[in-house]
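Chains: A, B, C and D, in written order; residue numbering restarts at 1 for each.
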Amino acid sequence: MKANKQNNWKEKLHEIIYEADTPAGKLFDIILLLLIITSIILVMLESVEEFAAKYIDFLNAAEWVITVLFTIEYIARITVVTQPKKYIFSFYGVVDLLSTIPKYLSFFILGSHSLIAFRALRLMRVFRILKLARYVGESNNLIKALRASRAKIAVFVFFVLIVCVILGAVMYIVESGQDSGFTSIPRSVYWAIVTLTTVGYGDIAPATALGQLISSIIMIIGYGVIAIPTGIVSVEYSKNYKENTQTIKKPTVKQIRTNTQTCSNCLETDHDNDANFCKTCGNNLH
Amino acid sequence: MKANKQNNWKEKLHEIIYEADTPAGKLFDIILLLLIITSIILVMLESVEEFAAKYIDFLNAAEWVITVLFTIEYIARITVVTQPKKYIFSFYGVVDLLSTIPKYLSFFILGSHSLIAFRALRLMRVFRILKLARYVGESNNLIKALRASRAKIAVFVFFVLIVCVILGAVMYIVESGQDSGFTSIPRSVYWAIVTLTTVGYGDIAPATALGQLISSIIMIIGYGVIAIPTGIVSVEYSKNYKENTQTIKKPTVKQIRTNTQTCSNCLETDHDNDANFCKTCGNNLH
Amino acid sequence: MKANKQNNWKEKLHEIIYEADTPAGKLFDIILLLLIITSIILVMLESVEEFAAKYIDFLNAAEWVITVLFTIEYIARITVVTQPKKYIFSFYGVVDLLSTIPKYLSFFILGSHSLIAFRALRLMRVFRILKLARYVGESNNLIKALRASRAKIAVFVFFVLIVCVILGAVMYIVESGQDSGFTSIPRSVYWAIVTLTTVGYGDIAPATALGQLISSIIMIIGYGVIAIPTGIVSVEYSKNYKENTQTIKKPTVKQIRTNTQTCSNCLETDHDNDANFCKTCGNNLH
Amino acid sequence: MKANKQNNWKEKLHEIIYEADTPAGKLFDIILLLLIITSIILVMLESVEEFAAKYIDFLNAAEWVITVLFTIEYIARITVVTQPKKYIFSFYGVVDLLSTIPKYLSFFILGSHSLIAFRALRLMRVFRILKLARYVGESNNLIKALRASRAKIAVFVFFVLIVCVILGAVMYIVESGQDSGFTSIPRSVYWAIVTLTTVGYGDIAPATALGQLISSIIMIIGYGVIAIPTGIVSVEYSKNYKENTQTIKKPTVKQIRTNTQTCSNCLETDHDNDANFCKTCGNNLH
């Protein structure tokens, strides 16, 4: 009986931490979201030297508070899951761990600058909470359009890369001997990408007449070519849009899943709204 | 009888100042538009040092003329409205006040540079007059398409921002120790936005090979991704266009409001063409 | 009879110079096109100092040859037209004159640098010959789409300009006191346009944290907003395309004019293929 | 009988080298692809001075290995074809030769820097293998859309170029006497292209107020005009897409060729899937 009670307690906590269908679950997600954003702002401020020098004590204290809260959350996440290993070695499990430990590591590795990378990783956690936005429907068509055009955009990007390597090699030869920054082929390829995407930093820019002529041709090509991905996505998006409008009119079998049920055993999330058991491991979802 | 006459005079002035359906009302709007544009040009010229030094007396005199004219207009606007408080604390009421007082304030705050901000605010007043352009129908579809895609573009912008923060943190670590401008994470995030939007100032540019490699990847992504808002707006706009073409063919209940009636009591503006009374406060519109 | 013969001679020359339906007319246009392009290349080369210093005699001689040829053409154009004044004061008449006289003027105005502007004007003449391209049909839809979206793009550009002025004023105040190039509001507005159109020279770039924050917001807005003209043109172009496809299927009254008939009296050019008399002045076209 | 056997051996090798329908043919293509990419990476690394200085021996050895392998492949390609001359003087034949000989030439031309250009040519060979991607169908619509819009984009690019030359000449006059980089008309035209395509290096940027005003106008025009190629490609692509969807529904005569048959006599590649003889020279394909 006691085991059942404890189980019950675990189940409730699981619902709060992993799902967002109950008020408590929503509140937990909102608090976590604010905490993540706060921690990211702190990381950013800490990198500003003047600020860090002034408020070092405050930043240190705040970092400890966040680390402790993340530690509690991490332990809670492990506790309420029936197969802790599955969580620990899942993508979000690793992200959670890496975004918690930097402050502990700073005891051993003094003043380690690169720990900041792990702390910035915390932003990845935002996606877990925002994953729910997927169900809003707004961005649904967008994701479909992107997925449908993925292969075409990949072909396009691949082609652009080949063109950039060839142009980079040509410009390297044309501009060699000049003090215009084309010191190696990889740098020239970098310049070709900067130019073709119309970013144009200007840190490397052609100095010879021939180099400027070739650049002009590249830019005009880039100008005409930038239209292609736009065309692809527009058409795919337009197509998805029409299909969706048609399916809304007729009754449809395909159901949009709006729940946030998460199996406490295998962490599977994509369940039907009326599902009672996990479709992957058969675990009871309620 | 006298009160009625005075009321009548007020009503006429109200029609001239707030509406644009009569010739006098149109003339008033055009003069006001020219006055606003003149005042903005003067503000711009005053900021050019060489010019300001030469023509200081002319600029000072012109500024006084404009201030006096704006003051008269402001007082007139208060007088003709039955509920002056409602106007004074409305958005345009505050803008009108703020764009009038800077010259008066310059008596107390000598040489205050930041007063120029209030004077530039005058440009906001242009929108009140151009509000009428809304009825032209030209920009109607455009606004609808933008409103319909608002949510999607917001999701997109939010996603781009998260990507920029992560990339900024990565570049901060990669380029640390170099003299390439990545001195803090906020600056690196600023650089990521400059790059992803293909602006590319070049004030901050990667110096290491790894930094340039990451930049190249960002640019190629940005190149593919720039297609998305275009796709969204195109599809929404195309959809609105089709709907509009269809509604023109059939008789439709939805009526486009082409009048500029403004209630002299509550300043409500969105009235039907054949409305006799304000739909919000019941005040007689004629 | 002699008058008739001479008239006949004039008519033939008129056909050669102004029209392109006969082999001689086509040949004349091609020679003129080559001559214009050659003269433009010479102007460009003359502006390159190293080149000009070396080949000054060659450039001078070539310029004289071109000037003489253009003079002959100009006189011929006046001769064959029945109303010379109409030609002389037409747009292309003025362009022809201005692109011929610079070399003659150089006698009076020694070493005048700005005469180069008149010589560059010659490029405008290319449009007269390329006007025929209008009949090719390729660019027909494109021009229609652009004309149809003209009003909308004007509204859009106007709105962008207002935003740039407001942003310029804000940045001028924010960045004042910094050595970042925001020395006056007009310069700041210039910067805002450079940024919003994603050109991003980097000659003026924000140095303060607040300035960089505002810039980032501008860029993100510009990124979302760049979609709008694309959407407009795409939809208009797509619409024109569909209409054209439909009219091709059914017999249609609207006829595409493929001739280059030019009235020798009033220089009207837009005649039906089977027209015998000028639709504007009634002059015989043959 | 022996001749037949040898022929058989040649035929098999031909199938392996020129086609990709058999497992051996696919393997050959993949190995060749890796070899080309490796050789390109080596060329790129060799151009990085620090790297080249350290690993000169390794790079030299690797280049020899690749040269030998390419030589063997080149000889094999000549051997298995019945008309070697046709291959040698074909586009890919020339590319193959030029990408093989640089190392041999380095004996005669010591330290020749420009040989790197020939070695970079190797990347062109990638297209031969990727040519097969054409049959994947993914990029099929894309290529069709581009081909269909080719003429329109050419008209557009030509128009942009004329505008750039005129603007370049204007800016050259406006900015003359300034130290802002507009030293000749060709350079100013280069700047106009850099600006209109929104690349914006900043190596040349207007310094005068008038120059900045003209630049602003150019940028706003460029901003509106960038929409045009996008519109063209989108519409063409959308049109192709619809046509394809319709042809898939109905049975169609037009067949998509998915084989990689290459005639061993005349190197023709575009054969029907069930073709037994070359459609150009009548040679047996099996």
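What we mean here is this: a residue touches a chain if its C-beta (ideal position, glycine included) is under 8 Å from a C-beta of that chain, and two chains touch if they have at least 3 such contacts.
Quick caveat, the model's predicted, so the values are computed rather than measured.
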* Stepping chain to touching chain, what's the minimum from subunit A to subunit C? -> 1
* Quote the value, from 0 to 180 degrees and to the nearest 5, of the angle by which the CA atoms of subunit A must be rotated to coincide with those of subunit D. => 90
* Quick one: compare the interface residues of subunit B with those of subunit C and tell me same or different, with half as the dividing line. => different
* Structure fact -> Between subunit A and subunit B, the Cα-mean centres are separated in Å by 34
* Structure fact -> Whole-Å distance, C-alpha centre of subunit B to that of subunit D, is 47
* Structure fact -> Multi-chain touching residues of subunit C, meaning two or more other chains, are 156, 186, 189, 198-202, 226, 230-232, 234, 238
* **Interfacial residue positions of subunit A with respect to subunit B in the complex** => 40, 43-44, 47-49, 113-114, 116-117, 120, 123-124, 126-127, 133, 138-139, 142, 145-146, 153, 156-157, 160-161, 186-187, 189-190, 193-194, 196-203, 226, 229-234, 236-238, 241
* Interface residues, subunit A side, partner subunit C - complex -> 198-202, 230, 234
* To do: Name, in rising order, each residue of subunit B that touches subunit A in their complex.
  => 151-152, 155-156, 162, 165-166, 169-170, 172-173, 176, 183-186, 189, 195, 198-202, 205, 209, 212-213, 215-216, 219-220, 222-224, 226-228, 230-232, 234-235, 238-239
